[in-house]
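Below, each structure is written out as structure tokens.
In what comes next, chain A is part of two complexes: it sits with chain B in the first one and with chain C in the second one.
Coming up: the complex of A and B.
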């Protein structure tokens, strides 16, 4: 009702008309598939035949399936293994780039390049870099006496290898967000802290962090949510292997749906995963605190 | 106002006319899909041009999809009711696709024969076995007929002082391992620079093609009569133990060493690999001077000689509204085996074909020998799930050095939940 008081009816209608393409697109490609997946999760359906209602059958089956738990573990390992380092690295780089130094802008541009490279291309590049005999990394590992490192074929190294390429790609993107936040902090606050002889750490801890709280919260939650959704490197680099150590939930869902033709199981797995991410997001919101300013 | 309406109407008419000019209005449109394989796509495009010249009332609309995405895209298209009129697909999907009604039984009259039995006689004995179900033949012909033999680099053998193998008599897997060990090389710092053997260790169909003949050589099967996995049989464990020892004892293979298996072989980084006749042209495309020869698939000592068999074949969509024309096009594609062999190195097992193919490619000699002992892959509606589960065991063994019994036990437990 407040909208009608601030804008005329005609303005509201025009606003809706102009927003309608986005609303239709969002509705058709986001909202509708979510509801459809929720619906399909209660059915046994092989995409070609007629769906048959199973109630909670798919959920019960998943909750007793060791492979699904393995996928959940892999997803949690990857998401927090990638996101947590990014939180700190992105902040560190943002603080560094917030200072003036020679060729600051050029370094920033070079540092940002991984962000603009499509993930699948980035994945293929790293796959070549990880080759134990001919990969670029051997320039570093061979002089150290480390040879034949099975980056992608060892159950201990495969996930960390994917995490490394993800951190390298993701850090600059979040660094820019932190940098935008840092540049918006009034210089007077920093100068006042310097006058009071605060150390750099004290300035960071008591001035910068509180003022950056909304930005930090955004980075924390978004980085985790995006990390849970990543598919490309697991599909193109390891196909979920070795064994099923890198078979994250998005890959599990894809294989269940399009290899095994079990749309019900795939949809149920998506719903469980979505719920898990939602709960984790609320936990993160609580942990990092968020007070809405009215 | 009148002028404006006239202008709009004229523009609309012109637009519609120009739009329809390229669409072959009045022609019967046949949509054909295949997976992407460069030489096959090239030849298909040439054949389509020829077919359309000979059949001016038919327009072929061709699309090809990367191999890894081909089946999911086909299934998604069928589910949406927009699947192609004709396509090719592998034999392993037959147990699922035939009951699903995704393939049409062959219209043998298009081939000018009187009965289905006459149609079967157009092909080598046993070739169509995988495509016969419920007493009907469901394919219009095999596009690619394969068994696996061993490609090896004779130069590496000579350098290592290893006698060149027989073209017709298989060696044992033990001897194979010993040779692979001898051919493997490391540099001064211990980094692998050449593998005696490499295989494809992460793709489910390859797991079946590599392991199943070994299991059968020992008298076993991957699945029981009901199509359920029996991965912990003694034959299965014994077959897996070969790969375990190849990696851990002989150090002749390392899954992390490969960049591109066929390119690695072509450029001398790998001395032996197991693949089908189609690999000949791919290896030569990487290196026209590649030194290669073929030996029969090895056999376990005391085991019977069994090799693998798989095929891609042409099909027509039962929901197609242009089935006659689609079958006509399939017949055109499937009755030119020499061209498929010359350009793509695809074998189409029409009766009496072998001497003609052998005349142009001596390497085929060993494959023809191995074909005599070839058996189609296991039949199961859970083919994909079982082969993926088996692949995870395979990876645990060759990548993580897990003991075969343990790796297969984990996989069998997964398979029992299907």
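Coming up: the complex of A and C.
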């Protein structure tokens, strides 16, 4: 065996021994479940009895079921409704924080508090804040002449209300990623542009954006992927309601599997959802990957 | 004449500059208020009576502090039990991560064996898998082990993270090989090299790893919700969600419980905010 001669025996043995926990762990908790999910999606199964094979039955049922389409639509609405404003807000704040100013770090630390506190805590707090007559938000809306706003109980407002909470919590998280990218841009580039009398916008458009491309691409894609997986506020704030206007796919999967014990349907839904996320990420990659420069 | 004009112009430019500065601070402060307001409201609400919370116009600050809310939250909600559960789970997850992530990272960084890059890529690619896809089969695995409603059901699937391994591998790659070789010449066993040399040298990255795994575990919701079925085993986030549906009218207690659930992360953040922010700026898992 020629190939083995390139490696030292000691390195191969100990390398594999040290890496083996990861092989077992990711195999058992990620790779095996993925294959199982595909398998289960072809069966009708209530977890207690024996599974019966239905072929593509689960997929057919989902795709003819209005309920699942509504979930997909709710997820799309939520993910892009949250991610798109975050792209711009996070960039705005990152540019602001990239300036040197007094109390820069103190502002930054305060700004970051929403990120570290558990999402379920914010879900509780915002649910109280959204209370139509005693919620904190009436403090802002009352002077504007708006009273008794049914934030979470109107089918039109429920989703935007959760989106507002998510933007509020998500912006600082992504701002930090942009900021890390911004601080790595050499000062000379910006100074050179200023000497050439570039306006602030021109500096941003022609110096900062091209240099920040990889970071922007990362934020754009990751923010959408993560938004698609958010579960807590939908579970504890609206429970999918009113009607099923906020029953996003993760909640749909959770309810089908663990309330209605429809393992096959839930698995099929998660697989359709996964494929959709993959395709969307690919499209985003194409759109925001910008054209490759010469 | 010319001179005064120039001076006037300079004066004007200076004023615009100051005005811009004021505007900048004003906007930043408004932004900060929007961010901090819910946090402050959580603290002040936790110290109010229900009568004060449900008064019109809305009170932002209690007239006197009602610390007894905190006592009541422990007596009536058994909060100490959930706090204990969360703490136990968090400590176990951190301990496992601090052992396994550097170990695997060390192997991927310093040992040459066939398929190493493939293994690294494979570990990284698991970050792309949405949790919803694996949650059902993962539950079945845990069910098969007979672990449903046990601490290990929450702990073991979080024993390693792809990001943690990535973090450690990148850091350990920067460690000079000379240290390792010198230790080997001195007769160190392979595993001794790991815990005597690699581990201490990786402390900065391990600190980040501790923070990240603590926050992720302390805040995790969906998975504990599924596998922890009895009240005695529930972690804080799950208990909080239950309080919200059981005691939806008792806002002051809900807020006191929220303060306690946020306490450990907030205290840690107060001391290690630089580590938090640096660690998370390279992190994808920001939920």
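Keep this in mind: the second predicted complex is superposed on the first by the 271 of 294 C-alpha atoms of A that agree within 3 Å, B and C clash if a C-alpha of one lies under 4 Å from a C-alpha of the other, contacts with A are read in each partner's own complex, and residues count from 1 in each chain.
Methods note: a contact is a pair of C-beta atoms (placed from the backbone, for glycine too) under 8 Å apart; a residue touches a chain by one contact, two chains touch by 3 or more.
Only a predicted model underlies this, so the values are computations on that prediction, with no experimental measurement involved.
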item: Touched partner set for A:67, first chain B, second chain C, both or neither; value: first
item: Partner chain in contact with A:201 - chain B first, chain C second, else both or neither; value: neither
item: Touching partner for A:153 - first (chain B), second (chain C), both, neither; value: first
item: Touching partner for A:48 - first (chain B), second (chain C), both, neither; value: first
item: Touching partner for A:108 - first (chain B), second (chain C), both, neither; value: second
item: Partner chain in contact with A:255 - chain B first, chain C second, else both or neither; value: first
item: Superposition-derived comparison: chain B or chain C, residues of chain A touched; value: C
item: Touching partner for A:244 - first (chain B), second (chain C), both, neither; value: first
item: Touching both chain C and chain B, counted on chain A across the two superposed complexes; value: 47, 128, 133-134, 138, 142, 258
item: Chain B - residues contacting chain A, complex; value: 71-72, 75-76, 78-79, 96, 100, 102, 189-193, 202-203, 254-257, 259, 384-385, 388, 391-392, 395-396, 399-400, 413-414, 417
item: Footprint of chain C on chain A - complex, ascending; value: 3, 7-8, 10-12, 14-19, 21-23, 25-26, 28-34, 36-37, 40, 47, 93, 96, 99, 101, 107-129, 133-134, 136, 138-139, 142, 168, 170, 172-174, 176-177, 179-180, 218, 222, 225-226, 228-232, 235-236, 249-250, 253-254, 257-258, 263, 266-267, 270-271, 273-274, 277
item: Of all residues in chain C, those that touch chain A in their complex; value: 24-25, 27-28, 31-32, 34-39, 41-42, 45, 53-54, 56-58, 60, 100, 103-104, 106-108, 111-114, 116, 119, 122-123, 126, 128-141, 157, 159-160, 162, 165, 190, 194, 215, 218-219, 221-222, 225-226, 236-237, 240-241, 244-245, 251, 254-255, 258, 261-262, 265-266, 269, 273, 276-277, 280-282, 284-287
item: List of chain A residues in touch with chain B within their complex; value: 46-49, 64-67, 128, 131-134, 138, 142, 145, 147-155, 238-239, 241-244, 255, 258-261
